[in-house]
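Here come two complexes built around subunit A, the first alongside subunit B, the second alongside subunit C.
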Partner chain A sequence: MKKKVLLMGKSGSGKTSMRSIIFANYIARDTRRLGATIDVEHSHVRFLGNLVLNLWDCGGQEAFMENYFASQRDNIFRNVEVLIYVFDVESRELEKDMHYYQSCLEAILQNSPQAKVFCLVHKMDLVQDDQRELIIQEREDDLKRLSKPLDCTCFATSIWDETLYKAWSSIVYQLIPNVKQLETTLAHFTDIIDADEVLLFEKATFLVISHCERKPHKDVHRFEKISNIIKQFKLSCSKLAAAFQSMEVRNTNFAAFIDVFTPNTYVMVVVSDPAIPSAATLINIKNARKHFEKLEKVDGGHPALTS
Partner chain B sequence: MAYNSDNDIAGQYSVSFPQGFDYGPEEGEGDPAGGAQDQKPKILVMGLRRSGKTSIQKVVFHKVSPNETLFLESTNKIVKEDVTNCQFFVYHVWDLPAHLDYFDSTFDPELIFGGCGALIFVIDSQDDYMDALSKLHFVVTRVYKMNPKIKFEVFIHKVDGLSDDHKIDAQRDINQRATEDLADAGLDNVHLSFYLTSIYDHSIFEAFSKVVQKLIPQLPTLENLLDIFISNSGIEKAFLFDVVSKIYIATDSSPVDMQSYELCCDMIDVVLDVSSIYGGFDSEPPVYEPRHNRISPLSFDSDSDSDDGEIIPERVNPADSNQRLAVIKLNNGTVMYLREVTKQNCWRLSVY
Partner chain C sequence: MSINSVEDDRRPLLSQNSNSINWSSRRPPPRNNARISTERLLRNPVDYQSISSGGILPGIPDVSISAVISRYKYYSRLAPSGDTSFTMPDHVVPDVFLISTVKEEGGSQPSWVTVFSLWNTMMGTSLLSMPWAINQAGFATGVSLLLLMGALMLYTSYRILDSVKGIKMTGDVLEFSDVCRYYLGRWGEWAAWSSSLLTLLGGMIVYWILLSNFLYNIVTFIYHQAQGRGSDMSSTTDPICLIKENTTVTNSSLPQHDSMFHKYWDEQKTVPFILIAVLLPLISFKSPTFFTKFNAMGTISVTYLVCFAMKNAISWGIHLEFHDTTSPSYVTEFRDHFPAISGIAALAYFVHNAVLAMARVEKHPENMVRDLILAYILVAMTYIYMGVIVYISFTLDKSCIEDNFLNNLKDTNVMAFVARIGLFFQMVCVFPLLMYIFRIQFMNTLFGSIWPSLKHVFGLNVLLVVVCVLFAVFLPSIGKIIGFVGAFCGFSYAICLPCLVYMRKRYLEGALRAPIIAFHVVLIVLGLANFIGQFLIL
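Moving on to the complex of A and B:
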């Protein structure tokens, strides 16, 4: 099942950098080496096995932009599932950015009115800590107003911290076909094994695709933090030509397990009951595998219907 | 008395260690844990302005990401900062603005250099290092007079910006010039050690580990213990880590493979990060400080032979430390195992 994702925004706003980090295992520092994107770069990313994200990374130089809205209009804006528009928070030409954004929305409205729109206010690391909240609030209000009649979801992002994972996790969540079913099953699983929390990660990107929380946790950013932490560690492992397989961390308060789950996912289980031994949780994870594999197969049976 | 509580904690490890302790670790363990604070080796860091001293300190001891150090303000007064949350040494950073004479009486150099185990001099390799070399010479000649036992360690820093050839050239050049300068001054017997370091990789941790190891009197004992441990358990490599700084205090006698050391550092990061999210108050890194503070009264205790009462807070949760462990498996059969040994540092073992 192919889903078309448009990545737009002005030149140098960070589109290719974020794509490389999320899907091509770049570390943030290496994105400096990336050059400007010329015209449109297509990439096909296999996500969760049989979902293919067809990423259109659209170079943002003005000449290209004009071209997208004129001669390539139909080609670019047809059949779009998701539009991701990236704003450089430090941009001096806010007016112009907004103008292009609105042209973009107009084209989307004509060609793919069902598309979901995400706005990423990027390079937030360049803004001082105490200013961030204020700025993102301001931008979000503006963007929501300008986006009408379409609806947009805003995220403040930076390649230097976990905010990027948060945004992309929400984006791909929209694209997973049987996500509700997956969530119900996960909730059921969490109940059965008496866990505080269970997270499901996509294997290649380590984005959280589903989660179930039974015990409230104060840190609302923890999912993307875990994505970020493990992704970094996976990269360190790859230097030794090895791949990360599983992990267990425990102290008196908790035990956390991360393990390969289905062929396309990793699972993380957090347990706080000290009476539950590690082995029990590991067996529970093992036993749950086949149920989740079945879910993925069902999901694989559908592409004929949608394409 | 200090041993009392040590035994108590050690007893919790009887799974992996016989309670008998044939090799008599009580002195070995009692000393670092209970030794008086002023016995810890002191490490002093000096170097010209903007050479990277504060960045090193932030990255190694405060877990600041290397990128963020770009924004650090220049330290423009004489700053003495102490890092005391490590069990094995005290770390002082002392910034050296170029125009001041630190050896004048107001600074009491005797006090500063006298009890110092090692002096790290940081040289910015991306800059013209002639000024730094003359400063180094100046410092070494004076400090050596005051404290001939001090170890001089030179960090040729910021080498991430240099090509491999360039790095080696810089090291050779600096080494040669510094040593010749000293020889000219008649100080042939002063030994300088040189390290190529960068905060963007693990070289800074590696260099620190080497520096710290020279200062630990128990090192041979610790190494021996680790040797015994791995030969009896089928483990390939064991490190004794200070988890706060990711410096390894000791390792067994087999050669250290840089890559596996780096992976261990990364593992410690992962474990600390995950525990700080899910472990509640128990495992956040800042917790190490209060714990450390609890150790210091203990040491006075053992010195002055006062009563047992003082030790009780130290025993609050020995079982808790027993449970703090982490295992990471890789697909090539490597298993990394991290577990808390004393309150402060961890063993990491990798089995292939």
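Moving on to the complex of A and C:
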């Protein structure tokens, strides 16, 4: 049974752009169309194994959409694992936005009370630097209050800085089963193979779930950069109808290996000792893979994630 | 194994739909209209570097900028060309990529235009009062005081020009009141502001009186011409003496049917009020920049007056008598009413509130001092020439000279009539400007905006008009008014403040020496004496 990740928000709040960036989809030419996104049927973006991303415009459009939404409500909100609600920080109709948000929450409470709720206050680059703290604090307080009894986590995001990537990384982090254990095991793994750094990515989005750093690195934005590079490479591969599987980058300073790890993750191992041959690292990764796969399968409340 | 669906993976770079949908139909306008601005900043192209350079562009050590570039590269891959949803908005672009051009902030005015503008600005209504002023002071004293005051005002103008150096601009432009605030604190700024306003007010009052005078004479001339009495008067170009003939002229030479006209058309009693009807519409404009186009009229008027004075002098001849006290042409070298001329001279040479504005538009600001000196020399020459020419050629007793020498000419004098018309129109054009400057200085400092509300502006206009009319009706003696106003602002704005600012500047630099203090204190004392002198000759 496929579980859903609902990406909702008013039309024009930036959901399609967000999806395009996170999931490396080519943006449709007419993103600024006047109509609403009726996207459920088209989006089969799958990530974290069996989660399907559904995009919905929520509130603020023609009566037709309203009716459709109302009639399909139970259908839409059933089997929801995650609700990500996007608010446009520039919106002039705060009351209305909150109202729609609340009705979505009601539907969630009725149909999928176990779902996790995340709120993204988007387009933060349009807010002046000195006002950002204030605004996000205000919004967070309002949203937390409105969301009771459900718990919501708030993020301030913008596609023009690292906040979008970090927010989605946090969201994905919370969705990975057994993530804490994965992290400790990852640390062990890094020590054992004598790597400078090991990163764990989510497969579909290349969002960094976890990392273990043995040698400090001064570029704090490196995760997003690697993510972007790989996603660009994936786009190029897709032009040839090929799928990206693994990559090895080697020069005099370092060797980096990007490869499939578990059904939900990719791993990137950075080794700066030139003496270690590639084959050795690759064997290490292969052996670790079995171990981590077992870790992923063993888990408490979530149904087992299969490929 | 494909993560995404096969359709997603196989999607080409350009969306299939694009060909059918948007080539024919017009693009819908962007909803996020905040993003697209018509004025884009100039940006440098992004230089792609290879990985071997360390992933960080040379010359850009900032990791967040290289992150921005990485995002930019990725987003460009996502959006088909022409789609602006992933175009980096200007406020996100790192400064490194913005092309900044250094623009030369300066004026384009060549030197001679600056000299001419300064001369034009200083040439004011004092021109008409010069002969009277020389009479008040005595011939030699008058001329020497004109020269001395010119030198003094030149020095203080130069001090004002000099004082802006090294001060940070807080607003658009740096004015002398900002300089005063910087060196002397709030009270300095208030002093500059209030003396500037008082000067303007004095100017407006003088203008109102002169406008009433000219209007009166113009209409009287036309009336007399219409009456056909133009040929009655003999030698209409000769000067008349209003003081002596006042009682006889007005009563005897006017036939009965004229008295109706003169009852309703009196220079002091009715014309000032009629002037309200003429001027009130003009001063109600929000922005009278239309009137600045008539600045050229000032030059024409002055030139005309100069030629007119010369023509009169030629036709009247020189009437100077230094020793015979009984002769009507007797002139003294010194009279104890000399504060009149120093007061008038202070206003006559007053350009201190405009000198900074002029310096800003000068093409070669280093020449400003030289231009200032030239302008002052020209102004002094013009005033002295005017005063002396009329003074020495005046055929009657010199004490008859009116403080507006056009009053000494019969209202049937055609050339005087032309002068009056010209001056009338020129003043009608300058008066709204004076009001406007007064209003913006007043409103801006008190209420923070130059148009707080219609009520405020209207109220101010009415108040100023009332003051002007009161003076025109009860005290239409422009010589005295110019003297007072000139002496006051001469003392405060033109002498006191620049000297104080200069001394304070030297003090802050630690370079204040006794001779400098002495010199400037002497100047301030002179200014004060000038001001007090005006009261003494009242």
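Please note the rule applied: the second predicted complex is superposed on the first by the 154 of 307 C-alpha atoms of A that agree within 3 Å, B and C clash if a C-alpha of one lies under 4 Å from a C-alpha of the other, contacts with A are read in each partner's own complex, and residues count from 1 in each chain.
We take it that contacts are C-beta pairs under 8 Å (C-beta built on N, C-alpha and C of every residue); 3 or more make two chains touch, one makes a residue touch a chain.
In this text, all values refer to a predicted model and were calculated from it rather than measured experimentally.
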Could you tell me if A:Lys231 is touching subunit B, subunit C, both of them or neither one (first, second, both, neither)?
-> second
Name the contact category of A:Ala204: first (subunit B only), second (subunit C only), both, or neither.
-> second
For A:Val270, is the partner it touches subunit B (first), subunit C (second), both, or none of the two (neither)?
-> first
Who wins on subunit A residues touched, subunit B or subunit C?
-> C
Considering only the touch criterion stated at the top, classify A:Phe23 as touching first (subunit B), second (subunit C), both, or neither.
-> second
After superposition on the shared chain, which partner residues are touched by A:Glu296: those of subunit B (first), subunit C (second), both, or neither?
-> neither
In the superposed arrangement, does A:Gly12 touch subunit B (first), subunit C (second), both or neither?
-> second
Does the superposition put A:Lys239 against subunit B (first), subunit C (second), both, or neither?
-> both
Can A:Asp97 be said to touch subunit B (first), subunit C (second), both, or neither?
-> neither
Once the complexes are superposed, what residues of subunit A are shared between the subunit B interface and the subunit C interface?
-> 28-29, 160, 219, 225, 229, 232, 239, 241, 243, 249, 251
What residues on subunit A touch subunit B, complex-wise?
-> 28-29, 160, 217, 219, 222, 225-226, 229-230, 232-233, 236-237, 239-254, 256, 270, 274
Over in the complex, which subunit A residues touch subunit C? Could you list them?
-> 12, 17, 20-21, 23-34, 44-47, 90, 123, 125-126, 159-162, 203-204, 218-221, 224-225, 228-229, 231-232, 235, 238-239, 241, 243, 249, 251, 307
Residues of subunit B touching subunit A in the complex = 65, 67, 200, 259-260, 262-263, 266-267, 269-271, 273-275, 277-280, 282-283, 317, 319-320, 323-332, 334
Tell me, which parts of subunit C touch subunit A in their complex?
-> 1-5, 8-15, 17-18, 21-22, 28, 30-32, 34, 51-52, 55-56, 63-64, 66-68, 70-71, 73-75, 77-80, 83, 85-86, 88-89, 91-92
